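Read through the structures below before going on.
Next, two complexes with subunit A in common: one pairs it with subunit B, the other with subunit C.
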Partner chain A sequence: MIRSIKTRRQAVLVVCYGVIAVFMVFFLFPPYWMALTSFKTNQEIESLKGIPFLIQQGATLKHYQDLFTKTDFLIYLKNTAIITTLVTILSLVISVLAAYSLSRLGFIGAGILGTGVFLTYLVPDTLLFIPFFKIIGWLGLLNSKWSLLLVFPTAIVPFCTWILIGYFASIPRELDEAALVDGANHLQMLLRIFLPVAVPGLVAATMFAFTISWAGFLYPMAFIFSNEEQLLTVGTVTTLIKGDVYHWGGLMAGALLACLPPVLLYAFLMDYYISGLTSGSTKA
Partner chain B sequence: MAQVVLKDLNKKFDEVYAVKDVNLHIRDKEFMVLVGPSGCGKSTTLRMVAGLEEITSGEVHIGERLVNDLPPKDRDIAMVFQNYALYPHMTVYDNMAFGLKMRKFPKPEIETRVREAATLLGIQELLKRKPRQLSGGQRQRVAVGRAIVRHPQVFLFDEPLSNLDAKLRVQMRVELKRLHDRLETTVIYVTHDQVEAMTLGDRVVVMKDGLVQQVGEPMELYSKPRNKFVAGFIGSPAMNFIETTISDASGALYAETAGLRVRVPAERTSRLAPYKGQAVTLGIRPEDLQEATGGDPQDLVFEALVEVVEPLGSEILLDTKVGTQTIVARVDPTVSTKHHQKIRLAFVPDRIHFFDNKTEQAIA
Partner chain C sequence: MTALRQEPLAEEWARQRVRRRTSVLARLRSKPVAAFLMCLPLLVLIVGLIIYPFFYSIYLAMLNKRETQVVWLDNFRFLLTMDTFWLVVRTSFLFTFTAVFFKALLGFILALVINTLPTRGQRVWRGVSLVPWVMPLALSTLGWWWIFEPTHSALNWILVELGFAPKSWLADPFWARFSIILVNVWYGTPFFMIMYLAGLKSIPLELFDSASIDGAGPFQRLRFITLPMLKNIIAITMLFSTIVTFANFDIVRVLTRGGPRNETHLFGTFSFRLGIESGDVPLGAAVALVMFPILAVSAFFILRGVRRSVV
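Coming up: the complex of A and B.
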């Protein structure tokens, strides 16, 4: 009896790992291909001979050198870093205050407003960028990276608010009440008790905000025309695709470097991220 | 140190009254317990005193001040919650010090007070730990400690012992009582447990459906319940309620039902006379029924069929059947009986209660 349970458990494990392996290959192949191509020489990339899955003619760092010396990659990187940092901070401040008031202050219409906030997230940016273009134009912010400080949060704030409402709901109300009775005002309570306890939820929201802003493509593409203001995503692509000529090595090198910050962030915050997402979703 | 006065206090959630017309005068240094079944409004009342719940109408005074519009932090109260509500990211020390820090106490003063409270509660060794490293009882002590370091005018307890296991609850109950004796501070304590209410309270407020049913000292509630609800709520096992009819024969009144006929004690006859021919509820506590001896007057004795015997050591509970009614009796451990046997039980005459069937008020 015991043995049969054990063998069944092993069978289940084998299936599980099998499925995981398939997914690993599926998801890790693109980054692998990216890395591979970025280290290949141009000759090897364009060559139809040999095995494409391996580097056979010697690795090179030339694409990386070119990226830093012959393109505005560093400017794009700087712009992206500035915008992403500011967007993340701005979005989080707004989301935290919105989520706190929607989940805790219990004013009339809070429920409807909460649903409304989420619904706005469902409007795709491919629809929104046209009216946004007009608004940005009126504000005189076309071709300025600062326009993104206004448009990115429109997509980020609703979703972050929603994640945070869910997470905040899992924090017992008595905790805020204890702080209020203990002598804190609402702001002190929020900063010293509530937010420290809500860290997993905040991490989840931060990761989301960071990723959306870092990977944003459509808005910078639509609103920014000059290299000095451009972001990493659009900048890399417009610089390294000239007409119908694709500089694959450079493109892949740029893409790989662009991936690094989010990957590092995820790696460090993974545990928090998962607990933030799950506790938020079950209690919402 | 302060009295707390609640004047015509009301709380409405949507269209339902959670608390209705509550008037209470809690004296300085008094241990006042609010007790009742869940949803009776006791916690809501407490939360209105704390300032955590908006007051629909009425007044709350703490000391000489009307506090209706004061935020909790300015009411000079401390509260202990059922789930402890300790700050999980802070050490025990910081949990206890938080309120003092918020009030900008000097550091040495905070240190002294926290150590003092920790010693009082026996948690000196735990000061550096985080709440998750504590047992339930230890957490409860920290929660109490967090309240007492502030030396507030009033302590509010919201079912503080409900999350503890039975043994620990009894132990903490005694400690809370001792603590109150030492600190001499006004306490308002909410519980659904009538034993806690009776053992802790200087006075007890019994509530039901948002209304105060009776306010009184524990033994007063026990011996002179004002209505059927209080009679049934206080005391364990609960009071027996027997549906009877009042009749008279040869100058005396009797409460009668199938299998049972009790003479109404002489001093009660004038109050019960108007109920002649009508149904009233007779109430008798299990401990006020005894095994009949030859000396008991026959009109206080009845015969019952034992259905369940529950020996508890110091006493025996008998579930018996008389006619169609179930009557529980609490008899001496020396009584020997078995189920399906008959036993003769006698009323303690001055412990019989009568209740009006319509108003459920005591007839006394």
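Coming up: the complex of A and C.
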């Protein structure tokens, strides 16, 4: 009896691993294919002989070298790094203040504002990019990367506020009363008590802000036209494709390098993010 | 003598401390000003960058192409007579429903499978499964674009090796639609898996145990415990994904740019084509606004579901 349960359990596990293997091939094939192409020589990419899933004529770093020496990749990288850093800081400051206020201080309309925050989180970028295009035009920020400081937070702040409210709400109220008795003001309390306790929430919010901003595509595509101001995503997709000849090796090298920062961030801090994501959208 | 003099002092201190505590607590509770100030940046953002642009876009959608004259609903009337617009509506619904259905189904299967594994392995597989979702979508779509390339790339090589005819993936209307849906399913399935897995973890194990004792097989447990317990999270995740999928821009823009012959345009890419590339800002704004009812209905039900899960 016990033996048959054990063998059945093993059969179930074999099936499970089989299903997972299929999923992993599906999920990981694109990045694998991109990496493979980026290390192949142009001759091998164009050759129709042999199995394309292996490097058979020797690997090369030439595509990566060209990326840094012959294209504007480094300019895009610098722009994206600047914008992402500033957007992340700006969004977190706004979110932390708002989440503290909404979860602790409570004023007339706080409930409505909380719902409003949730609803704005559901507004997709394709709904409002046309009015943004006009507004940015008035402000004289068209074709400037600084325009993104204005529009990226619209997608980020609501979600960060939302997850931080959840973390702040889990801090016992006795803590803030004790701090206030000791004469702390709201800012000190926020900095000394709330932020240290809500570190997991802050990490999740930071990661969210970083990835949304890093991956932003529609806004830079719509508002920025020149190479000097362009960001990594749009720059890679539009300018690394030259004329009729597709430089697949260089293109894949660029795309893969541009993907690397968010992927690395997740590799190290994934658990924070998942707890933030699932608590943010399920518990609320 | 000194003790006598100190006693009232100590008493006074204690009294003062109590008074201070109550006044501090009062300050905490009646601090609407501080609360309001701290929310101000958020309020400015919501009013200035969501609510105002929304109404402004309604106004824009009612202007003529040169933005000199209010033409009321003429832009919308014009859209209704436009064959391409109806094609966009059809493609958007087909894309959204097919992609959300497969993401939900595959995400559920993957979550169940991962949840069955020994706990130690779960973290690793969950982490690796997240890769498609973590890569910036425009860039991973660029990778897919290369995969779909007809002569030198992977997909047709496999087809030919298996004895099928190679396909021109992005030039044929049917396969182009298939391709954008495939990329969206690839990108979105991990998100469903994460949400469902969190839901599965929250089901008390005793439920399954007692069901097993009562003689319930795996399918009965799935049907009568897992699915009912996950009903709310399945609904919220699907509605949320409906919004994001319906409003997608990156995949179509990178893979097909709406082609062949506008067969793969979604609302977002079509609005971009008209409003930014062709310079007809009002018509572009009108196309984007047509999305709004769908988004609003989904948002309404999400909000209801989230509230219910709190209670």
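Basically, the second predicted complex is superposed on the first by the 246 of 284 C-alpha atoms of A that agree within 3 Å, B and C clash if a C-alpha of one lies under 4 Å from a C-alpha of the other, contacts with A are read in each partner's own complex, and residues count from 1 in each chain.
Following the convention adopted for this analysis, a residue touches a chain if its C-beta (ideal position, glycine included) is under 8 Å from a C-beta of that chain, and two chains touch if they have at least 3 such contacts.
If you're wondering where the values come from, they're calculated on a predicted model, not measured in any experiment.
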item	value
Touched partner set for A:Gly50, first subunit B, second subunit C, both or neither	neither
Partner chain(s) touched by A:Pro172 [first = subunit B, second = subunit C, both, neither]	first
Which partner, subunit B or subunit C, touches more subunit A residues	C
Contacts of A:Gly58 with subunit B and subunit C, given as first, second, both or neither	neither
Touched partner set for A:Ser101, first subunit B, second subunit C, both or neither	second
Partner chain in contact with A:Leu180 - subunit B first, subunit C second, else both or neither	both
Contacts of A:Val117 with subunit B and subunit C, given as first, second, both or neither	second
On subunit A, positions contacted by subunit B and by subunit C	177, 180-181
Subunit A to subunit C touching residues, read off their complex	12-13, 16-17, 19-20, 23-24, 26-31, 33-34, 37, 45-46, 48, 52-53, 93-95, 97-98, 100-102, 105-108, 110, 113, 115-120, 122-135, 150-151, 153-154, 157-158, 161, 176-177, 180-181, 186, 211, 214-215, 217-218, 221-222, 233-234, 236-237, 246, 248, 251-252, 255-256, 258-259, 262-263, 266-267, 270-271, 274, 277-278, 281-284
Complex interface listing, subunit A residues touching subunit B	172, 174-175, 177-185, 188, 192-193, 196-197
Residues of subunit C that touch subunit A when the two form their complex	20-21, 24-25, 27-28, 31-32, 34-36, 38-39, 41-43, 45-46, 49-50, 53-54, 56-57, 60, 106, 109-110, 113-114, 116-117, 123, 125-132, 134-140, 142-144, 146-147, 149, 151-154, 157, 186, 189-190, 194-195, 198-199, 233, 236-237, 240, 243-244, 246-250, 253-254, 267-268, 271-272, 275-276, 281, 284-285, 288-289, 291-292, 295, 298-299, 302-303, 306-307, 309-310
List of subunit B residues in touch with subunit A within their complex	50-52, 71-73, 77-79, 81-83, 85-89, 98-99, 102-103, 146, 150, 156
